[in-house]
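Both complexes below contain subunit A, partnered by subunit B and then by subunit C.
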Partner chain A sequence: MVFFFLLFTIAGLASAVMVVTRKNVMHAALFLLLTFACVGATYVMLRAELLAAVQVLVYAGAVMVLFLFAILLVNMPEAVRLRQWTRQTAVAVVLAGLTGLWLIIATVRAFTGFAAPPEAATQPLGTPRAIGEALFSDYVLPFEIASLILLAAMVGAIVLARETAREEERPTEALSGPPQPDAQEDQQPV
Partner chain B sequence: MPLSWYLVFGALLFMIGVVGVLTRRNVIIVLMSIELMLNAVNVTLISFSHYLQDLRGQIFTLFIIAVAASEAAIGLALVISMYRGKSTFNLDEVNVLKW
Partner chain C sequence: MNMLPLLITFVLAGLVCALMLSLSRLFGPRRPTPVKSEPFECGMDQMEQPRRQFSVKFSVVAMLFIVFDIEVAFLYPWAVMFRRLDVAGFLAVLVFLGLLTVAFVYAWRRGALEWN
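Our next item is the complex of A and B:
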């Protein structure tokens, strides 16, 4: 167990460092995928199996596909050529290091010797049934708000990413009059 | 494993994410670093949920994952529209609102 913990956390931290330091965005995205997988593995060790599955599906699946699409839609070689680091890099590293050191000292001092209760090893807490019952009873309002947030994000993403495309189409429509037959192919049901 | 090991893992992951947000100019890598920080928070919440035997940490994490997914979608749509408008990835060149 200690071996697997060290394996997944060290691999996750190393690939997180690679995400932050790589020049090529595509390499950074692939290292981010490895980090997500390692974090999902620590969820399994913490007996949160459903959340590990959600982590793999949503982060390693959906979010990663979004990142890859965004990288592929824009011009990659330009991004590699630009200056990678801001001017305040040294200050930022020192400040973040101090913050992390403070967090580590505080948590280690506060929670050393804090062991899990004995029933934690035998009965898993985050079963799909338990989480589903909690979601649809005590947390039904946050659940509905989350669905609204997802709807707003979907509409917002479509509007933001389509705006310039619509403005490009407008003058051609005005010039050509009635839409061409091949222009209507997109609207047919698939 | 003691609880503090998981908390140290979360703290280190968060620290790496902070470094990424503060130092990189490439906007897509800044978004990736934000995802790293959200993952660090999720690790901390789930480890507390396990060690206190309380389901609320996992419910929180579920909502954080939902919000993070929508945040990634909006952020990447902004990146694409920014690239169309200014043809750049560089965060330092996007300073229209800067006084």
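Our next item is the complex of A and C:
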């Protein structure tokens, strides 16, 4: 078990580092897929099976597809040539270091004096069954609100996409411009 | 919980991939020439780069897919507890699905499912 934990955490962290260092954004996306898979495996080892399934279905599946489409939207040959580093390395190191330190302190403080209840070993909390029981007894309202949030997300996505599509069309209209009196287009072969 | 079957599946999948790639590398002849290495070995010369910008329409489809993917993910815990949850659980899911059907109808009516 320790072997698999080390395998998946090290592979996940290594691929996460690759995500932020690769210059080709498509390679970064593929490494992100590996990171998602490793996180999913870690969830399985924590006996959070439903979370693992959601991690694979939603993150490695749907979110990754969205990322890939977003990547394909940008002009990649140009993006690869762009400079990846700015001169703000020192600021970034200090900020990331402080954030990391704060995260470590918060995690250690949250878990000091924390002991897992004895029934946690026999009755895992992350199975679909356990989550179903909690979701439909104590958390029915948040569950229903989740559908409202999804509804709002969908409406937002459609509205945003319509505006983007309209902007995509606009430059061609602007290029053709108002009709010139000495229309030279007539002379060009159609 | 026994995760051994899952592990065996992954190991087998990896083995099959490694076997196919290594066998074809081992036995397949490789004599590349510049002409052979072109995307189209015969026919017309390449006119443009295969790498093109995709339309924003694809990302709309992907965003709609995420919403319905999450919806389905929420149905798993309900499905495994279906008998025990009884009518209350059924009604809760009905409200959940009803709200998302509103989203679906909205997407349909606004033409988000059309491809034009």
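Everything that follows uses one rule, which is that the second predicted complex is superposed on the first by the 137 of 190 C-alpha atoms of A that agree within 3 Å, B and C clash if a C-alpha of one lies under 4 Å from a C-alpha of the other, contacts with A are read in each partner's own complex, and residues count from 1 in each chain.
Keep in mind that, in the parts below, a residue touches a chain if its C-beta (ideal position, glycine included) is under 8 Å from a C-beta of that chain, and two chains touch if they have at least 3 such contacts.
Because the structure is predicted, anything quoted here is derived from the model rather than measured.
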Clash or fit, subunit B versus subunit C on superposed subunit A: fit
First (subunit B), second (subunit C), both or neither touched by A:Q84: first
First (subunit B), second (subunit C), both or neither touched by A:L150: both
Touched partner set for A:T35, first subunit B, second subunit C, both or neither: first
Partner, of subunit C and subunit B, that touches more residues belonging to subunit A: B
Partner chain(s) touched by A:A60 [first = subunit B, second = subunit C, both, neither]: neither
Which of subunit B and subunit C A:I131 touches, first, second, both or neither: both
Partner chain in contact with A:T99 - subunit B first, subunit C second, else both or neither: first
Subunit B versus subunit C as contact partner of A:L73, first or second or both or neither: both
Nearest-approach distance, in Å, of subunit C Cα atoms to those of subunit B in the combined model: 5
On subunit A, positions contacted by subunit B and by subunit C: 47, 50, 54, 58, 62-63, 66, 69-70, 73-75, 131, 135, 146, 150, 153-154, 157-158, 161, 164
Residues on subunit A engaged by subunit B in the complex (per definition of touch): 1-2, 5, 9, 12-13, 16-17, 19-20, 22, 25, 28-29, 32, 35-36, 39, 42-43, 45-48, 50-51, 54-55, 58-59, 62-63, 66-67, 69-71, 73-75, 78-79, 82-86, 88-89, 92-93, 95-97, 99-100, 103-104, 107-108, 111-117, 119-120, 125-126, 130-131, 134-135, 139, 142, 146, 149-150, 152-154, 156-158, 160-161, 163-164
For the subunit C and subunit A complex, residues of the former touching the latter: 1, 3, 6, 49, 51, 53-67, 69-74, 76-81, 84-85, 88-89, 92, 95-97, 99-100, 102-103, 106-107, 110, 112
Residues of subunit B defined as touching subunit A within the complex: 1-9, 11-20, 22-26, 28-29, 31-33, 35-36, 39, 42-43, 46-47, 49-51, 53-55, 58-59, 61-63, 65-74, 76-81, 83-85, 87-92
In the complex, subunit A residues that touch subunit C: 44, 47, 49-50, 53-54, 57-58, 61-63, 65-66, 69-70, 72-77, 124, 128-129, 131-133, 135-136, 140, 143-144, 146-148, 150-151, 153-155, 157-158, 161-162, 164-165, 168
